[in-house]
């Protein structure tokens, strides 16, 4: 059995056993969608959000587009990971940095690292272009903004939960300013989380469900088999994009090295709440809780750019699936 | 309380009280969709249609695309505004004007003005290009065609229900011949409804749900706070356009002057019949009945380019909402 | 009553009588969708497939995109045309032809001709471009590949079930390498099914639901009124393509001559399984069983690029409909 | 010989006889380009401009894009129509109209009508969209702005030099807000040059050099054969647009009626100054002086969006050419 | 020295020795452009044309777009290959084939084969789509049309000058109906020049100057090293396409097998008449005379879609160049 | 008079006095184009190149696309800055860095900084995407590659010639992977030239000639008025992009602060070698020699993506021009 490294015991991780007749590597929560627009006042949609275990409870950063359709980030608390108290107002940063106005924020990830919780999301530069935002908190009360790690245009940053060979590492997906037909996952390194370099491409689009774009999803899960990377991938049809979730295993000591990468997706838009919404046919994973004792994984994913769902799997199931289909 | 000016008593306006837990400014009829393809023989879809109070009953002009998908206009009658007898055949004009062939018609509005009912819709010029059509009737039996108010390419004309400072006024949305990413609301004036001038832009697209196009919807409602304008607005996603309904208040004496404009939409595609259909994710308001005694408003809107729904609000609710969110 | 020529008795054709209140020329099976992703292991979707009567039973070639989204063809058997045993693995050809690698296959048709069953589908050339593939089988055990009839880019080939004036005839839809806005049905002739010539356009796109592309569907049905051709057609909206089914009658002795062509579609995306799926708003007919004794027709069509449905009609109903609406 | 009606004697019209070996209907001035960026201080380009005979001399309105590339209109004087004194600063209007800011102006035409000189050009509305501007002057000193005749998006307006059956008439080319692939010539009528109606399409694009757009050019020349209309037309190649000049004859009493229209162009980009410049391969006629006594015509046209050239023809040559090639 | 097989002695082949300082494999004629619009009455352009040696003289088929910009084919004669008498009127076919209207023709090639001269060009099908046209003549007086070899959309067909292993072979470039960014060279075979099959891709686009499209040019030249294929290739820049000429050697007995293919182009747009014209930056080879005794080659190529030029090389130079740069 | 700070005496700077009648801020060398394809063997084009003063002579890094159209960098030497010995082979790096393959290189800049010469250019990442390359040399013999400063997609990096407040600074233009319609100049900072952060937008596109993209050009020139920044800017026409050169002054201590920015361009495509070539209508400055004693500036710019030209100005002329037109 694969061993989760540097993980956390999360005995209260949201969990449902795999249905008897299910042959898929991931299975949906029967409570899906667990979060909808009704969970925040005046919301158009609540999706593409991230959660972490925190002092025996859970904390989350949620993307909410209110009825002006301006995307901003909200804080939330939960005892079971299913039922959430989400603040009706988007949070404000505890600090200001010159030249870094905050106009929009979306698609957050959270990474626990060196005792802090880092938030990575897509935000605006001083000229409004989209790039990665970075911030930290210790208590989910005060959130401190940091410098932009990268130039625009960039989205979908995921921080690794420990230094690797002396460097912090972040995955991201450089992109085009408009809707575009390409996107790869790059890795970058930093000594101080402020200045970044050593940029290398980790994964490019290939064929089928991952033929147009790939972008990192939840914070990678460290196992003795390597970093477990769950990512989103995009196919183009004559009626627009479809978003899928895929998985790969990266080398523990060199995360730019892909050990295994599944040719099959692990999740696709099938349920009505995944197929119908503001953007049809989207599953978009942003967080994955993992209980180190049992290897249980709960993936939080946005569905149809409208709601949040949970899908379950285990470290062993996922690793076996990736290896078998690599 | 805001006062409806020059309005009509419509005691039998279709109406449902706001649901107890509803915090939105508009709420849907529990009978939605009130009109579907089953209401006209051989219809593909029945949507984007307009109604008025008429002699204690209701009359309407309905967009129906039959199974050849050619859009044409049909007349209809109703006693309660909910149940309609719609003619299976599209109506023909009682007159002919040289150089004005009639090949297609869609997205009608109706405006009662000086004792006549004017129909404004999108139609073809003598070369097939799309522009505004104009016609009048007194009895919904004989409908008389008038000259095109404007050159192509234009859509979504709404006439004001009285002269303002001596001129008739019409809002419209000049557009591109193909699917395009821009569209603003302009106002034009006329002394005789035949020759038009004094063109001015009233509202441009801004951000969020109204970032791509805005176009006028129902005949504006006159109140002592100004003209209540309900309009449609468009956002673009990687999977196509989404259509929303917004609202603004224009100056009573100068309708090119926007007094208030809500940054939040008043209606968005949420129900299955709004999200799924020939064109997904569309709410498109074309008429608004208003009872001057109670301020009750019933908005008739096309949903997903397939069916017709009703949403309710009141003059006071709407004005308060617009002002608060302006 | 129209007479089916050279047809087959299929007493066990899947059949439901027309519902009492139905005015449409085609009506859906109450068992729809009859095939879904659950019918093949590890499938993403199962659609755009073709069936024939075979020794009192039914045989079929099915398009299945597994969870790597690579489209390939599977064989299947059924006793009633509704319940199918489909092989979990895509079939392999019994022979190899130099310079004809087999990487993908989709949208098959089957045509019984001179005692063999010919399979026509869309496949790759030696450089990966899409063109028509051709193969034959006598037993649905061994399937023998033949030469590509045409250069790329081509899709949607349908073979006529007998020689006409000494030549084999195949309809196809030359196309663009990418998503494109045009597509016509062409006829080509051959003396040996290996070399092809005498190319002529049969039908071009016109307006409405068939304004962008038209492509042949099931093997044409021979009647004393002419060849009954069921085809797909495409309209473009601001949110993508919609696919419809139409019908026409071609001259028995000269299939490039269109005798009648319905201005109205015979099937459109209306049910949820047709409107929602990997590609929204698609009905795509690939096969039509016809019982020569009763004139009953069962059309097998892909829905939303995700599932398979059946629609019923009769030879008489269809011919009358086409003539009336031509 | 065709007779020029209501024309002017212009004995000093710029003129060169047709070269001996020239078989074309139009021939270029040997002095071409007659105006370049060197004729205005700090100019990037000087093109698409218009001139008229005025008190034995010539006056013109010139499009100049200075080195900020903002297009504005300049006044100019000349005694021979070849050598011009052009004002270095763009002119300002003698009046202001509320809601009509003046930000840009280009591609002017001038029309002498009822003793005044009307200037028609492309300008901005109050929201910056492009539409037709209209102004008048009696002395080319004071220029008075008038209301916008039409809603955006519109360009290339040409006024007829007299009322026709009691109405003023203006040709224009409604268009798309961005570079687009369509454009037709429409006619509109007015009783007062302030309010416009009676819109009809006069000419659509056809094939070849006029397959994408057609737009009116100089003020039409009145002859006893009809209105002589010189227009521009556009073809699209894989490397962009090419602009040509064509000619047609419109009915004297009903200018929406095309009597003859040449299938051959009268001028195409051939000289280096027409093929190379800010926009390659453009000839764009904006004015045509015509001496009623001799029938001599001097067409002023912009070349390559950079300079101004003159081409000569005669009323008889042009009419014969149009009729022969219609 | 490479030996020309089955070639012709052409002692009067147009020829200039390689300039002393020239290091390029091809060098231009000092008489370029040898053909311009002035060589045909009323011509807009004269380009992309083909010639052959004929009874000690030369004959050619020329693409001429007259001033209506309709492309059609003209016959021409020459004694030296430089000075041509070209017929002012496009030729008509000596026969008619049902269902094959002739509306346009362009980019001809000529191939001497079995004592006849075959003309291959791009023409319209019965619905106007573009595909390959085929015809033959023995005397350049009577030209007999044959069936379309292929379905649309296709262009740039080149016939091999002898049967190979019992089959006629033709190269062509299947394409998209509109301007598109792909195009490969395919080979097809026929027993009778009427029915075609055995389609295989020979060459795809690669990088640099041949990154977008490749299409066959002149009739391949047979040598003991293989078939010498000169082809055109396309690169895309932000200002449109650039067309180059490249060269490859195909296997004598299997022309779908590429033995060598030069990574460097053999001709690029450099001269003003190649860089400036109706379509900038185009060299497009359509014919190559080859004198079997000396190995001299004269390539006839269209330049800038406007004129015809000649470039010289030798069989040995070209083969050496291809091999060295393969 | 403005004072050049930290500059170099370059008494042999290429120089021509301003022509008597020239009113422009920049004037071209009479020797233009000073470098063409004839200066390197087998070259297609030689353009967008950079030079520096070096030990009383000049050294340069040149972009050459050979006839395979693969862009690579070449070294060159000159005594007068006009006549250059350029190496026929592209240079190779003296070192290798893992994960940094070198496939293409173009549009170099050179910056003298702390006694080394840094080369900044556009190159490929390990997956072929375009980003900034960085290297250094002391002697123009051995060139050492460094890490990529930024993630793709990026181009047009310019390094400042000294640390500012303790940080190195580099300007760059993040971009889209394909031809795109946006591009802004960003500034980034680094303590070690290996890890970068503090990203801020400095200049966005505005209107006219700089309405689509702006990108930094030569190494900024330090003066007591601020950093003199020469940049390229792009306008879009219906026939493609036009590239211009503009100028601005940045704050000495905070280069993200624009003190002045000229609304007028300083150089535009006017000469035939700037208007005609592989990409028409391009001037693209990559280097600017500045003699600190006289303030003379020689701008080296690529023209039409084909050749290199020089334009002269002075520090005082340029600063005055920028301020006056800001």
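By letter and in written order, the chains are A, B, C, D, E and F; residue numbering begins at 1 in each of them.
Assume a residue touches a chain if its C-beta (ideal position, glycine included) is under 8 Å from a C-beta of that chain, and two chains touch if they have at least 3 such contacts.
The structure presented is a predicted model; accordingly, all values stated were derived computationally and were not measured.
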Field: Third chains touching both chain D and chain C
entry: B, E
Query: Any idea if chain D and chain E meet via the same residues, over half in common, or different ones?
result: different
Matching chain pair for D-F (criterion: over half of the contact pairs shared, by residue number), options D-E, C-E or B-D: D-E
Message: If I superpose chain D onto chain F using their CA atoms, what angle of rotation comes out, to the nearest 5 degrees?
response: 120
- request: Looking only at C-beta pairs in contact, point me to the busier pair out of A-B and B-D.
  value: B-D
Message: Among the chains here, which has the CA centroid at the largest distance from chain E's centroid?
response: B
Statement: chain A to chain C, mean C-alpha position gap in Å, rounds to 42
- request: Could you tell me the distance, in whole angstrom, between the mean C-alpha positions of chain B and chain E?
  value: 59
- line: Expected list for chain F, residues touching two or more other chains, is 239-240, 276, 280-281
- prompt: Can you name every chain pair that touches?
  reply: A-B, A-C, A-F, B-C, B-D, C-E, D-E, D-F, E-F
Task: Please give the residue numbers of chain C that touch chain B in the complex, ascending.
output: 23, 207-209, 235, 237-240, 242, 263-265, 268, 270, 272, 275-276, 280-281, 325
Message: Could you list, by residue number, the parts of chain E that touch chain D in their complex?
response: 37, 41-42, 44, 66-70, 179, 239-241, 276-281, 305
Message: Give the list of chain C residues in touch with chain E in this complex.
response: 99, 125-127, 129, 131, 147-154, 172, 174, 176-178, 180, 182, 184, 186, 188-192, 194-201, 204, 256
